[in-house]
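Heads up, the next two complexes both have chain A, just with different partners, chain B and then chain C.
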Partner chain A sequence: MADFNAEVFQNEFLPEGGTEVHAIVAVQCTNAGAAGQANGDAAEIIVIDASGSMEHPNAKIRAARSAAKVALDEILDGTWFAVIAGSNSPAMVYPIDGQTVPMARMDSSTRDEAKHAIDRVRGSGGTAIGSWLMAATTVFQSVPSVQRHAILLTDGKNESEDPRILHQAIKLSKGVFQCDCRGVGADWVVQELRGIATELLGTVDLIANPQHMEADFEQMMKTAMSRGVADLKLRVWAPQGAEVLFVRQVAPSIEDLTDRGTSISPRIQEFPTGSWGDESREYHVAIRVGAKPVGAEQLAARLQFVVNDEIVTQGLVKALWSNDEALTTRINPAVAHYTGQTELASEIQDGLAAKAAGDDVTATLKLGRAAKLAAATGNDEATKRLAKVVDIEDAETGTVRLKRNVEKLDEMALDTASTKTTRVR
Partner chain B sequence: MSEVVLSTLTCSSCGNAVVAGDSFCETCGAEISPSATAAVAATAPSGERSMAETQPTPVVRLCRECGALIAADGYCGECGAKGRTARDHWEEQPVPWAAAVCDRGLVHARNEDALGLVALPEVGSFAALIVCDGVSTSSNSDVASLGAAHAARDVLGTITADPFAPVSARIMRISAAIEAAGAAAQMAASATPITEGGAQSSPPACTFVTAVVERKLIVAGWVGDSRAYWIPSTGPAELLTTDHSAAAEMIEAGVSRSVAESSAQAHAITRWLGSDSPNPVPQCATTTVNCAGWLLVCSDGLWNYCSTATDMAALVATYTASANDPLPIAAALVQWAIGQGGHDNIAVVLAYIPAS
Partner chain C sequence: MATCAQGHNSVATDYCDVCGEPIGASAGAVAADPPAGNAASPTPPPPAPASGTATTSESPVPLGPEVVCPNCHSDNPGGSLFCEDCGYDFTTRQVPTPPTNQLSLDPSGSDPIAAATSAAPVGGAEAAHAAGWVAEVWVDPDWYAVHGVDLGDPCPPASTPNIARLPAGITLIGRTSKSRGVTPGIDCGTDSAVSHRHAQLTNDRDRWFIEDLDSTNGTYVSVVGAPLPDTALVARSRRELLANERIQLGAWTRIVVRTALPGE
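The block that comes next holds the complex of A and B.
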């Protein structure tokens, strides 16, 4: 049984009339075990892009084939699995024979069969990611597994189907499986894959060089297999009359959960966080409560982490009204840090969007502000990636100049990594 | 000495545990039948002193602000208000003729008031009423005050009654006991550790007052500004104590009571118990009982709203006119102070003294 521990970081002191309470809750999971071992089965699907562009250069399709095979090696025996190739429509790569379900149990012979099947995958046709997701959903639902995860690889834009199909497919896949998305090369759309990964509780990343794909797939599947906790939910209890302003994952990456809550009682909203391995994540929660007189104390939120309807750990967010300015004006370092990191992510994304739209003034301003925030919050990786897109003249004031002839891949790298955060030092 | 175990009492209406001496069930709000309280008193064999031991008890509690259940984490499940702990509010009634109520009030986050009460079952025969008010500018004062009040109570509970000795000898004996009780309270207060982060503040400190009644003789002893009042049914009421406070010094110097007590420095006490106490030895005063009346010991959480003996007597009279069970009266006095704003913690210990 996995162990969980939650710790809350906040300044609980509010000035007279103060109503906004911010807190960071850090959750640590240990002894998670392995996927599919705690209760019920795990299921994995590898979806590789088999569109025509994957053959140009064919290094991409070759990398995809070997990466998929490496991923198969990481899937634990007994796990349900399938491989799907996507182009204008999805095609089952494995299993395809007359079995009762379109998934196979992993063992040494199914693994070998699947590898042979993957070797026969060739690229042709277009890119219709929505149809691939729908296929994955159908295949996943054919077996009674409780923990479903997919890897989705593409090299292109979703241009062979109505965008509404992708939108609908994401909606249908939500809650069925988690999906890590990878884009190879420079011809896919960061925004598109991020949309899928965000909704399906997965990661998004750029594989600039096909040679790095094997290692990336291996790591992704290792991580998926180490997630012995199938489904952890965050319950946010807020007092009567209070308003949950936002709920946001802030480490290891930023994910806004605010609109994903379901009301399970008048006081409690539940947010999905997906499956967990031995790891820690942090969440930023903001609540607006009614002001109370100086000296009063009240609970602003209970942050409960729930597995199978059982609370495994809880953190309390408090509000204490005080007229001592030394107490009420202090900003908690964790809250300050992650507020800065969240701003950094949106400045990068907005800046790049402005740049793409040809609005250089806004782009310069936003990316300048991003450079300033990256320096101030000690996010050296972000600074490094920013420096490939802008010349940072003065990080302290956020003075930057847009670089000429920026590599598209550098811009995409900056964009995909924008939500990755550094921890509080 | 019989020990009262609180959690063995249950509400006859809902079956949940109730606190000895409570008038109402914390769970369902039902009035607690007198038999439950009587059962507590009955556990003390005649002639033995009764005292209620107060400890935080894990009972089901309801929110004072919205009435919903207080969750296991100590906060209301609906409105998030901090649940009242056993330290925030408790009541004691070791014998039917004496009772005590302590409450956090509305404004302070902690209840730094504490009290102690020990009595013999026979009405008016012997009781020691104790209040300690923790100094809020020092750390951990809630611990110091409770430790001091209990230490004093344990000493005063051992007084050997000798009601037929000459009055002067009785006064000497009781004063000596009060001095010993004060010393024990001082030990407890100065032994209280300073809380983490409290290094810059002063060490834990509290006031101390006791009024001991023994067959028509009352001896009061005090350090600081917690008070004892004797309120006879006829004749003028007496404030037995003189505050060790800046206000009292101003009054001594000729400033009117109302002006002095509303001045900025009014609440600065000049004597207290604690490791940095300039003089922890209680000052004593005495009076004799000529008619039935009420002996009241309280903290400034009550007397701030009702300072003079005349005003206090008038206030007490409004609740004693139709009843003489001290517990609901003490509770009503506390409620009255909360109604005045509840700006401070409130401790009220009250005993009914018969005419003969």
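The block that comes next holds the complex of A and C.
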């Protein structure tokens, strides 16, 4: 059984009349074990893009084939698995008689068969990601597994189907499986894959060079296989009359959970966080409570982490009204840090969107502000990626100039990585 | 089971399940009351006033002639029996809606109410989504001052907006004309500077687009907080309408597209 430990960072002191309580809760998971061990079966699907563009250059389809095979090596024996090739419509690569037996149990012989089947994948046709997701959902639901994870690889934008189909497919897949999305090359749309990854509790990343695909797939599958906790939920209790302003994962990356909550009682909302391995994640919770007289104390939120309806750890967010300015004006460093990181992510995304729309003034302003925030919060990775898109003249004041000829890949790298945060120093 | 200073029953023994007040401080006095009978009993439980003041005794609450309702924090005239705002009973210290035992944080409990409420909000959210979109049609004196004065009619007084439901698909903006058989989804009524078939709104489920239908006086899009626009949209071309953008047309009409509130 995995062990969880939660720690809350906040300044619980509120000034007279103060109503907003912010807190960071850091959750650490240890002894998670391996996927499918603690709670039944795990299932994996690898979805690779087999559209015509993957053959131009054909290094892409070759890399995808070998990366999928490397990923198969990482899947633990006994895990349900399937491989899907997507183009205008999805096609089962393995199991070969996918119509009758949608998923196979991993062992040395099925692994070899699957690898041979992958070798026969050729690229032709278009890109209809919604239909691929729909197929993955159906395949996943054919076996009684509890922990489902998919890897989705594409090199293009979703151009062979109505965008509403993708929208609908995401909605149907939500809660069925988690999906890590990867885009290879520069012809895919970050926004599109991020939309899928966000809803399906996965990651999104850019594989600029097909040669790096194998290592990336290996890493992704390793991570998925080390996630022994199938589903951890965050329960947020807030007192009568209080309002949960937002619930946001802030480390290792920013994910806004606010709209994903379901009420399980009048004062408790539950947010899915997906599967966990040995890792730590941090959440930023903001609650608005009714102001109380100076000296009063109130519990502003009870944050409980739940596995299979069992509370594994909890953190308390408190509010203490005080008229001591030395106490109430102090901003908790963790709260300040992650507020800055969240702003950094949105400035980068907005700045790039403005740049794409041709609004150079807004883009310069937003990316300048991003450069300033990245420098101030010590996010060197972000600074490095920003420097490929803009010339940073003075990071302290946020003075930047848009570069004339920017590699599309550098822009996409900046966009995909914008939600990755650094931890508090 | 513990009871907090406000009289709520709470499964958690550190902070109250209902209001979040610390329970430990006055636990001795409160725990002496039989919690279940207490909540329903009309007779004031003797130790409650003492425990209530105990938790906030350090705080300089200005009671004076006024009484602050501990439930909703509104001020009430001294000597009030009930809070005028929320109905809190000052004598029995009973909150208006008696808290039930179902407010437990323990999810394993087999209580039907929690189960029922767990399903309800999901349906509610769906319903709100299904409720769709509405357009508010405002009289905008600022717009009139810039664009409407030359167009003739005097501006009617600004009042609350007319609300029009927006169905999925296409909604026409214009003015009703019986002779020409035009009945637009958004009727700009008395603003005669609006063409009968002025513009149309289309949506693709999450986004809205505005398209001018070759109107006489043009369609404009303004951004909240920015100066009013002075270039009209290109006729017959769709433009996405963002959340912070408003449609300006005619002599005094402003249209705001937003998601419908429940019940609209």
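To be clear about the criterion, the second predicted complex is superposed on the first by the 422 of 425 C-alpha atoms of A that agree within 3 Å, B and C clash if a C-alpha of one lies under 4 Å from a C-alpha of the other, contacts with A are read in each partner's own complex, and residues count from 1 in each chain.
Rule of thumb we're sticking to: a contact is a pair of C-beta atoms (placed from the backbone, for glycine too) under 8 Å apart; a residue touches a chain by one contact, two chains touch by 3 or more.
These numbers were taken from a predicted model, which means no experiment stands behind them.
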Just from the overlay, do chain B and chain C fit on chain A, or is there a clash? clash
Name the contact category of A:164: first (chain B only), second (chain C only), both, or neither. second
Going by the contact rule set out at the top, does A:239 touch chain B (first), chain C (second), both, or neither? both
Figure out whether A:212 sits in contact with chain B (first) or chain C (second), or with both, or with neither. neither
Which partner, chain B or chain C, is in contact with more residues of chain A? C
In the superposed arrangement, does A:297 touch chain B (first), chain C (second), both or neither? both
Now for A:262: first (chain B), second (chain C), both, or neither, which partner does it touch? second
Once the shared chain is lined up, is A:316 touching chain B (first), chain C (second), both, or neither of them? both
Clash-wise, after the superposition, say which stretch of chain C runs into chain B: 57-65, 183-191 or 255-263. 57-65
Set intersection of chain A contacts, chain C complex versus chain B complex: 238-242, 267, 289, 293-300, 302, 316
Residues of chain C that touch chain A when the two form their complex: 12, 14-22, 55-56, 58-61, 68, 72-73, 102-105, 107-108, 114, 117-118, 120-122, 204-206
Parts of chain A lying in touch with chain C, wherever the complex brings them together: 163-164, 167, 235, 237-242, 262-268, 289-300, 302, 304, 306, 309-310, 316, 321
Any idea which chain A residues touch chain B in the complex? 238-242, 267, 289, 293-300, 302, 314, 316, 320
Parts of chain B lying in touch with chain A, wherever the complex brings them together: 66, 71, 73, 75-82, 106-109
